[in-house]
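The following pair of complexes shares a single chain, chain A, combined with chain B in the former and chain C in the latter.
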Partner chain A sequence: MRDNELCRLLGIEKPIIQGGMAWIADAKLAAAVSEAGGLGIISAMNAGADYVADQIDKIRTLTDKPFGVNVMLMSPHADEVARILVHKKVPVVTTGAGSPSKYMPEWLAAGITVMPVVASVAMAKNAERCGAAAVIAEGQESGGHIGELTTLTLVPQVCDAVNIPVVAAGGIADGRGMAAAFMLGAVGVQMGTRFLVAKECGVHQTYKDMVLKASDISTVVTGRRFQASSCRCIKNKFSRGFLKTEYLPETTAEDIAELGVGALRLAAVEGDRDRGCFLAGQISGMVNREMTAREIVDEVYNGCISLLKGAN
Partner chain B sequence: MELEKIKEIIADSVDFDVESITEDTRFDSMGLDSLDIVELLMQIDEEFGTETEPNASLVTVGDLIAHIRESK
Partner chain C sequence: MRDNELCRLLGIEKPIIQGGMAWIADAKLAAAVSEAGGLGIISAMNAGADYVADQIDKIRTLTDKPFGVNVMLMSPHADEVARILVHKKVPVVTTGAGSPSKYMPEWLAAGITVMPVVASVAMAKNAERCGAAAVIAEGQESGGHIGELTTLTLVPQVCDAVNIPVVAAGGIADGRGMAAAFMLGAVGVQMGTRFLVAKECGVHQTYKDMVLKASDISTVVTGRRFQASSCRCIKNKFSRGFLKTEYLPETTAEDIAELGVGALRLAAVEGDRDRGCFLAGQISGMVNREMTAREIVDEVYNGCISLLKGAN
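And then the complex of A and B:
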């Protein structure tokens, strides 16, 4: 692990990345993860360039370690956010919800390390062709917007298909998951749900409590019917109502797009147990203790190391 | 020529009545999701030596053919 490819690429100590969770992954959480030796990520979500610039300035006051920004490519502000990342000389960018090809020339020219989140082999190959330094292969165990493949099936197939480092994501929350990811060919992991309950995470306490109390079967996937926006979230009044509406014969793709508007903010900021959409991964059932980011990074990393030693 | 090859590639990757594909056929009418489109484009690029990025202007098979002709 001392000569880990991802650590070398990103200039970090432990190959653990914190997922760019919208409304959750802010400068404070990201700084705590980076300070712990991993890579903290600020989510640009649907926000404008001003918010992202503020967050970048803020993280630089909290840590001098590398960090990243996650760009949601479907965001209406993606163009201006892409430019601000160059202007602010952000070291690492991860992308979600599409191909970042449009922004790659500018980002690469600025020396930014780009790691797209991919859900299929073709997406991974596309990312490599665009000049990505690594890909984050995310299985459908993860929270939020997901593809169809599981981490166990996606990661080795992506590893076989590309010549750049592969980070595994989706369903990983402890040393066993991380060691398994390495066995599949990954050189690092990204975790979201586990960091959601970090002490430094400013998400509403109700959100944390829902993850901490969740069991293995507490999440559902909404949006599958229209192939567009499959989203994993915790079962509650909102998600049950969503699913009921989704499968009514008269419901259209446009109706579905309307249904989710604002629900994530209601969960993360307001802690609205009934009307909020609480995105979280299938591993929630195993995430049952609030710890500091450093404790999480150390526990996962050390657990992985001792398992890998045993495997040799 | 291009249409035939593209039809062949689509037939190979999705269960769709190939005979009904024309230049006017929309990708969304074939039931392809965004991941299917990326896969299809990567296969097309491998075949034609092009670099096609998924984007909003590629709506029909005809759009794709025009793109391939331009890129060659």
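And then the complex of A and C:
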């Protein structure tokens, strides 16, 4: 671990990345994770370039350490956000929801380290072909938008398919998950749900409480009927209603898209227990305590190291 | 690994169990796995007591080593099968599709080691309460009937919840997966898909070929709309048709049950590429070669040992 490939690539101390959760991963949380020796990520979500620029300026007042920005490629503002990242000389970019090939030449020319989130071998190969420095292989146990493969099956298949470093994401909450990821061939991990309850995370307390109180079977996947829109969230009035509507014969893909509008904000900002969409992973049942980002990073990292040391 | 808890419990040499795949896991395959130092399992599937008794007699002509029988608790013949296992003094029983509590007193009195397959923390606790010696925590990356949790998220949560040994199943095909399972707290693994292509496995060659040629995204889950009947299988004409019917507004749970009748036999016995239901896990993309059961056991075990040794 002392000469970890991901740490060298990103200039960080511990190969732990914080997931770019929409409406949750802001400059404050990201700075706390970067200060703790991991890589903090600001989510650009569906926001415009101004918001992203502000967040980048803010994180630079909070930390001198490397950080990243996650670009949601389906965002209507993706083009302008892509440009602002170059302008602001952001060190690391992660991408979600598609192929970043369109933006790669510009980002690479600007010296940005790009790590696309991938859900299949084909996506990983595409990322490698267009110059990604690493890929984040994310299994469907993760919260939010998901693919089909699980982390345990995705990571080794991606490792076999590409020559760039692989980061494991989805289903990792502690040292056990991190050590497992290393056995599968990953050189680092990305965690979302665990950092959602970090003390520095400004998400509404109701959201944190829903994760802290969740059990192993508290999440559900909406949107599976219409492919490519599968989304893992906590069971509540919203998600149950969504599923009911989803399977009505007359429901169309457009209806489904409509249904989700504003629900993330209602969860993260308003803490609306009934009408909010509370994205969270299957490891929510293991996340039982608010801690600082540093405590989380240290606990996960030290747990992993001690398991790896004791393994033989 | 030298003093492995599962090996002691079962009297085997290597903590690798072969999954009890219906229409596939017969005495011949199970004997080969047991002879290789793992634990072979005969599937009782939906068969009557006579078939199961025959298979037990047969495996005893092929090996002196421990073996097990998998009881599908929803089988109409479950009661008579449960009795024959006692009569035949089977050393190990694994169970699927429900709680085995009804049969536990009789099995325990007969000295049988019972290991239920579980898909959630609640099922694991139930198994422990009714006297199971261990649980097999199976994630939804597995082939066949599946739950919702993935192996990476299920295994640590089950380990935290029970005091009996935990075996990891679902998504394990090589030493990497086995080593990952150990990091998560498991003391052994169960593999189905990998043993499906063992040379000693008598399944139709077309079935083997479909697994050998599969990629990471070759499986699909049917039956999700009607809960409790989710089933992972390889994408083909049958599974595509199934999914289409499943989401028709007029389709009922009964229609769905009808739809699957006979399809496993068509796959495993007839090798009917279009009309068969080819159950297989998400690691099918990693299973590329027919090998003997001994070669598989040795490769997975040695791969795991070498990763664990190199870990620190």
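The rule we apply is simple: the second predicted complex is superposed on the first by the 311 of 312 C-alpha atoms of A that agree within 3 Å, B and C clash if a C-alpha of one lies under 4 Å from a C-alpha of the other, contacts with A are read in each partner's own complex, and residues count from 1 in each chain.
The working rule: a contact is a pair of C-beta atoms (placed from the backbone, for glycine too) under 8 Å apart; a residue touches a chain by one contact, two chains touch by 3 or more.
Bear in mind the structure is a predicted one, so any value in this text is a computation, not a measurement.
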Have a look at where A:S34 lands relative to chain B and chain C in the superposition and call it first, second, both or neither. neither
Figure out whether A:S239 sits in contact with chain B (first) or chain C (second), or with both, or with neither. neither
Pick one for A:G281: touches chain B only (first), chain C only (second), both, or neither. second
Which of chain B and chain C A:T153 touches, first, second, both or neither: second
On the A-aligned overlay, A:K125 touches which partner chain: chain B = first, chain C = second, or both, or neither? first
May I ask you to decide whether A:G98 touches chain B, chain C, both, or neither, giving the answer as first, second, both or neither? first
On the superposed three-chain arrangement, identify whether chain B or chain C touches more chain A residues. C
Do any residues of chain A touch both chain B and chain C, and if so, which are they? 120-122, 148
Spell out the part of chain A that touches chain B in their complex, as residue ranges. 98-99, 101-102, 119-123, 125-126, 129-130, 147-148, 227-228
Residue numbers of chain C touching chain A in their complex, please. 120-122, 139-141, 148-154, 156-157, 160, 170-174, 176-177, 179-185, 215-217, 224-225, 247-249, 281-283, 285-286, 307-312
In the complex, the residues of chain B that touch chain A are 31, 33-35, 38-39, 41-43, 51, 53-55
